[in-house]
Each structure stands twice: as C-alpha cells, then as structure tokens.
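After this come two complexes, each holding chain A, first together with chain B and then together with chain C.
Then we have the complex of A and B:
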C-alpha cells in the first residue's frame, strides 16, 4: 500500500468513543497529532445503528450510515475514518448495500429527501479503519522512525474481534495479496506494533467472538468467552492484549473482573488499545493516551517496560 | 455458572483437561488424540445443525469435515461466520500436531488447540442456549425477521 495516503480524513468517532471507549478516542487523536495527521470530525454525525437496530430492520444501519457518509461528502472528504469496529462495519455495509441493492438506494434517496440532507451515492466516500489510516499514512517505517520508547520486551496478543473482517464481501479491499489486510489472518495491528518494537505472540483467537453482543442477554456466556480469550493470551505468553474495537475492549476489561468474581478465575494479562501502545512508544505519557481511563490497570506493567 | 450444566460439558472438560497438562503429560498425545480434537469440533457443529433440523453433511471442504459442517451451518446464517476462523484454527493446529510430531513446541500446540476447541464450544453453546430469545450476535439477522413483511413499503 502506498504510504502518504489519508493525511487528512473525516473522523467518525461514533457513540462508544464518546462513552466507554473514550480512551480510544483520546489515544487516536493524540497519535494522529503526533504523526502529523489531520482528523476532522464529522459535523452533527449520528449513531451508526450499532448492533441493536438490526433487530428492527437491518437496513436501518445502512440508512443511518449513509447519512454520515453524505456529511463527509458535503464536508469535501472522500475518506472517512472510523476506529470502532461496529461503526466501520456499518459504514462499509452501507457502501456495499448502496452499490448493490437497488431497493436500498431508492429508500435511502426518499429518507434523505425527507430529512433534507444530501443523498449519498455509492463510491463517493471510502470508509477506512484506524488501522488502515495509520498503515497507509505513515506505515511501519514511519512508526519506527518516531519511536522514542520502544515496546521491546512487551509481548502482545493482537485481538481484532469479529467485525473487522466480516462479512468478507463488504471489504473488497481486503485479501488482495501482499500489502493488503487479510480477513482470515489480519495483521495490520501486528505490523504497526512490531514496528514500534513489540513482540507479537501467535494468538489463535485473534478474530474469535468476544461475546460483546451477549453482554446484556447472557452475561455468563460473555464471561466464559472472554475468560477463554484472556487465558489463551496468557498461555501464548502475552503481557498485553492489544485491541482496536471499543466493544471488544470494554468486554475484555469488564468480564476479566467478572470472571474473577463469579468464576474465581484470575487472569493478569492487561488490555490496552493499540493506539495507546503506539502513543506511548512515540513518547506520549500514559495519561495523554488515556491509560488512566482504562478499567484494566496496566500502570505497573507500563512502568516496568519503561513506557512511562 | 456451573460449567457441568453448560452445553458440551464433556467437550469443555476434555479441552480443560488438555490445557492444564504440562509437556511431559502430553508426550503420548498421538494422532488418535489429535483426531479427537477434530471429532469434538465436528460434534459441536453437528449439535447445532441438528438443533436446527438439518442433517449434518458427510462431505469435506479442503479435506476436513469440520470445515464442511461450518459451511453448512453458516449458509443463510451470517452470524455463524463468527466461528469460521475458530474452525480453521482448529484444523491448522491439528495439522501442526500431526505433521510435526517432533516439534519442540508440540505441547504448546496441543494446549492452544484445546483452547480453540473450547472457544468453539462456548460460542456455539451460547448461541444454542439463546436460540429461544433470538439471535444477539453482532452480525446476526433480526429477531423479528419473520414478522417483517416489507420494511421498506411504509417509508
């Protein structure tokens, strides 16, 4: 992939990054600033529909996301960056639906007209994830050049969750051979953290379900799934699980505590956003990347590894 | 949260038993035992298919029935793709265990295969338990799909 792309993009934080995932918002912005990248937040953006609204009608995700894409277009952008897997997934789904489904195009046009905003047409705006954004704009070499506190000695299990790569058909840019992201063995986060000095462990559950959507309907299932993710990471020798999705991240943190309380199973692996790790590697303080906002207390590990 | 009452309790006990064994205790772990990992994976998917009134296929995909069963289970049910790579990881670890018997990390391979199997059991077991409530998976179909006539017509 050509480096230097995406120096200035529209930014769609989504609802989670204003709440439970605020540390991800803070660290994404801080890393962007450190890298000399420009994020311009979408004006008056709306919820992407997340995971719940599809229980009314899955197309609502498409229409809600189409409005966000139209805002990016109106602001003069051809790229919108979404760090949350759920938002990223829904924006990509909207792009796909509006390119392939005539009924969606028709309903979106009617809704947009009623709401009084530009009707989004497929192909006008490309959605990227925060991983694409950093990988394409500065790349691994750009990260290595900027490292002040190497992540050397830090063993990381990279956890991508299930929505970053699924369903495959809405991610036409993936699986295009060398340089592109893989839907079966994603590696962009591994690449970026390795460039910052981290030692990535082989983690066999990097796209496995975290039980995020079960959290309210069946917390016990979520706790068991998360405990298995945590114990497997520890079995792989990881000090840290790096995340790139606020739902996964929050689930890992909360169910780590619940697993200890309810099942009596304590795990010590820490949970940090990949942007927090990159930020600290580039010399940002733990507070500047929101480590103090995390539920998972990694301060001792950060000190031990010389990142603070 | 008594795991013995959970779906696939025997498989969970099997995977937990493997995971807690050290390298010495896994020295005798042979092809038959490795096959038991795959068989367990197949049993999980068979249970899912049978619970949905389907006859589990005997076909193979890429040489493995487990992958064919996954493909069958995911047909028309996109949320089931959330365990696609889990199935493929199980096959991958099976291959490593069987094809590289002298691997110095063999014990670790077996333990990780056990954890992958466990994740499959927990994921599918969780979905089976919730089937009466509707599908809450991140990429699932709507709960009230059967009630939806044409959601577009009244817009």
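Then we have the complex of A and C:
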C-alpha cells in the first residue's frame, strides 16, 4: 500500500456521470477531496462508446477510447481514473487491442491523424478504476483512520457487475495473487467498506449481470435479472447493495420499481454507490454525496443507522 | 448425434398414432419421423465467412464446441433456447435455414461477457452473437430489433457530437420503437425523485434544454468516423453479397 500513490490523476467521468449517474460523480469528487487526492478532469473528453458503439463497429469504439487516452498523455498524466465500469472497461479494452491487434492500431492511427490529434500508442497511460484509486492511494488503513461515522451494523451486499472483471485478458493486473484484485471473486469494494466498519454479507452474485445493456430495449429480461439480484441480496440479509457502476446502479433502481409495478414483486433493499457509503462514513452529509439524487430512497435507512 | 438433428424431435416432426399395429406388434404412441429425408440441400458455404466479416465475428473459426459459452450464459439461464454453442455450430456448418429459426432471440445477448471469459479458444462468443444479430438484419430476415435501434441512436449521437445526452437518446429510442414515455413505472421513478428534490431536478431539465453536451472541435473526428463507417459498410455489403442499396 504505497502511501502517496495516485495523489494526482487524470479523471474521466464519462457521459453517465453527467446524467443519471451524477450522484456517483459528486460522491467520487467529495471522497477524493476528503482523502486529499487530486482529480484533474480530462480536457474536452468524448464518450467511450459504452455498450453500444461496438455493436455498430468495434474499431470505432477503440478509437473513441484511444482519443481519451491521448488527451491524458497530452496533459502529462500516466494514469487516468474512470469510476464508471463501462468507461473503465472500454479504456482497458482499447489498451489491450492497441497492444495486440494490428488492425486496431491501423484504424486508430488513421482516424486520429484525420481528426488531427495525438495517436495514442499502447503502454503510455494506465487506466484505473475508482476502487484501485482509493485502495492504492490510502488503502484500508487510510480509510479506517478517517472514519468519523462508522458503518457498523450496516449489512452490505457488494455488487461489481460485468465490466469490472470480464473478460479477464483485458485486465492483466488482476488475478496476480495476494493483494491483487480477483476476476472471479472481486473484493476491493468489500475491503474498503469493511475498513469503514460495514458488515459485508456473503453475496454470491457479485459479478452477475443486471442486463444493463438492454435495460430499455429488452426490459423484461433486465427486470428478471435485477429482481434476482435484489431478492438474493435480501435473502443474504443485506440492507443495502453497494455499487460501483452507474449502469448497474440505475438499472437496479429502475427495475426495482418496474418489478414491483409489472411483476408485483416488491423488494426493500436500498442501492447506494460505494463512494456514497465511504463519504458518509468519513463524515460527509448525505446531500454532499448526492443521496437525494438517487432514485432509490435510502434516507430512512441512513437515519436509522446514524449516518446522517 | 450431430446437434442439428435435434430438428427431428421438434413437435412438428413428431407423429402420434393412437392405434398403430404393424405386423401384429402394437406401436401406438409418439414417433419421430426418422425416415424423413435427412439431406440438407441449402448449405450456405459462405456463412462462416459472412459472420466473420462483421465486427465481433472474426474468431468464430476457432470454436471447438466445448460449450463453455452456453454453460456460462446469463440469457441461457432464463431461456434455454438461447444457445450460443448451437448457433456457432450451425454457422460453421453453413446451416442457414436452421439458424434463421432463432432469429427472434439471438439479439437478446446482454453482453455480460461471461462466455468470452469462459471461452478457452478466444472465440469471443459475445461478439459472434452481435455479428449474427446484425447479419440477420442485413439479410432481411428480421426487422431492426429494439437493441439495435438503441445502438444506432446512441452511436449516431456519439459520432455527431462526441458525447451522448441520455434524455435525447431515450426520447428517440422510445419514438422509433413506438413506446409511450408515460409508462407507469417510469412515472413512479421520476415522480419519486422530483418529490424529494424538485429544485435540482427542474434545474437539470432546464440545463439540458439549453446546454447540449458536446465535445469541442469534434468535426474532424466526426468526418473521419463517417468516412470509415461508409467504407466498412461497403465491405460488409460486398462480403454478404447484398446489392448496393442493401437493407440499410
């Protein structure tokens, strides 16, 4: 746990964090400030293509992410932090493709030169997730030291979703033994929240899918998948599901309501970003971490657990 | 038994004889039509190449049919007919007619990447599912499915402006798929939020109508992408032997 690592990194919020995932943006920045970590937003970034552009053409998706990485490079950063799983995944995927696939390199070089900006080459900038950012900068000890409002008594199901761990080959730093993140049983979020006092429940669906890619275009499938996540979390005894992806987060909130309206299956488990939980543990007010911007209304739970 | 012969036990290929005695032996009951013609006259010898010509389908030739993809599949757990291994087999065998039978469900892949995670041969089954769904649309076997409508609206906005605006994508998607924006669950979702924090929400709505998020100096990126997309479309039309007007 190298204290001081990631003191100042480039920040890529992405489109979702400017829209439905705004609470994640707010809480990430607030937590960073509290931890004394500097975030410098990428200048004039573009969308990473999310789960959609690759279905039109995967090479364009690679280009979109490469452009963002080239901005980080131009700004003199060797690390870019993306809290959104989709953005994080796409930057990692671009890095992998530009290292291993000649055709991707060719298309990226061509589009970048036509567009008139730096052509990004693999190996120049490292992409990290908000979880890596906190884990590697202050670590569990750093969190524990700063806890003002312990999460003691709060039962949390940690939900990581798909894009944080799959496919394995685009995350060369994972599955490297003790201390590294696991792609089959991720634990970074568990570790950080436990350091803030939370009681993590044994949740078998940590990396199951919420159907986020088809949240609206195949709502019935998404509702079934989300309902399974919610009911399992409740069966595991969780008060709240901690998330680290705006697509998962919004999907859980949306389909929790939809499951009740359409299937008549009501669940009460709340949904909060892990940064919101960490922020409140470190003494930030619910509003400062954007709890009022969530669709899922967790104010009663927060009061009950003495976090407000 | 080769997998495609599961066609022989489909309901329409089963015959039922309430009373059937042949040479003094009672053989009443369900029978599959074993003696139907079993030759397949409509192989598409180029099917694998056609799928491989589409983004995501490039590695389909590597499959050795272990079934890890189907075993790991999120959608298969909900609908057993959603079977990536089976479709990859059909494509590699050129069994177009058999593949087309499942045209209404192949697009439902949720891109969770469990298959690609499990695949020991780097086939990228998730990409193959997307390529196959795209192929079905380009060949005119299905109308553009809701997920592709969403992908198109989303991508169009990214290509044009460099960023997306969720409300605009949503609005266009609902319009193109003829869904009302007034679905009860959507109303409950939004009204719950407005009740709690009306000022912020109204401000956000107001902001969105005045300031559209976009990347500055995006024109050259936009033109470069457009040129590349046109080039790729021409390549795909050629590979799939579609006429110039195509199904675009």
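Simple rule for what comes next: the second predicted complex is superposed on the first by the 305 of 308 C-alpha atoms of A that agree within 3 Å, B and C clash if a C-alpha of one lies under 4 Å from a C-alpha of the other, contacts with A are read in each partner's own complex, and residues count from 1 in each chain.
The rule we apply is simple: a contact is a pair of C-beta atoms (placed from the backbone, for glycine too) under 8 Å apart; a residue touches a chain by one contact, two chains touch by 3 or more.
Bear in mind that the values here come from a model prediction, so they are computed numbers and not experimental data.
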- Query: Does the chain A-based superposition show chain B and chain C clashing or fitting?
  - Reply: clash
- Query: Given the touch rule stated above, what does A:27 touch, chain B (first), chain C (second), both, or neither?
  - Reply: neither
- Regarding the shared-chain residue A:236, is it in contact with chain B (first), chain C (second), both, or neither? first
- Message: Per the contact definition in the header, classify A:86: touching chain B only (first), chain C only (second), both, or neither.
- Response: first
- Given the touch rule stated above, what does A:225 touch, chain B (first), chain C (second), both, or neither? both
- Task: In the overlay, answer first, second, both or neither for which of chain B and chain C A:57 touches.
- Result: both
- Message: Looking at A:275 after the superposition, I want to know if it touches chain B, chain C, both of them or none. Which is it: first, second, both, neither?
- Response: neither
- Message: Is A:65 touching anything from chain B or chain C once the two structures are fitted on A? First, second, both or neither.
- Response: neither
- Answer with first, second, both or neither: which of chain B and chain C does A:166 touch in the superposed model? both
- Message: Which partner chains sit in contact with A:263 here, chain B, chain C, both or neither? Use first/second/both/neither.
- Response: first
- Message: Per the definitions at the top, what is the overlap between the chain A residues touching chain B and those touching chain C?
- Response: 51, 54-59, 107, 110-111, 162-163, 166-167, 208-209, 211-214, 217-218, 221, 224-225, 262
- Query: What does chain A use to touch chain B in their complex?
  - Reply: 51, 54-59, 86, 89, 103, 106-107, 110-111, 162-163, 166-167, 184, 204-209, 211-214, 217-218, 220-221, 223-225, 228-229, 231-232, 235-236, 262-263
- Interface residues, chain B side, partner chain A - complex: 1, 3, 6, 19, 78, 81-86, 88-89, 92-93, 108, 111-112, 115-116, 118-119, 122-123, 125-126, 129-130, 133-134, 136-144, 148, 151-152, 155
- Item | Residues of chain A touching chain C in the complex | 15-16, 18-20, 22, 44-47, 49-60, 63-64, 67, 107, 110-111, 114-116, 162-163, 165-168, 183, 208-209, 211-214, 216-218, 221-222, 224-225, 253-254, 257-258, 260-262, 292-293, 295, 297
- Contact footprint of chain A on chain C as seen in their complex: 55-56, 74-75, 78, 108, 110-114, 116-117, 127, 130, 134, 145-152, 154-155, 158-159, 162-167, 170, 173, 177, 184-185, 188-189, 192-193, 196-197, 200, 204, 213, 215-218, 220-221, 223-225, 227-229, 232
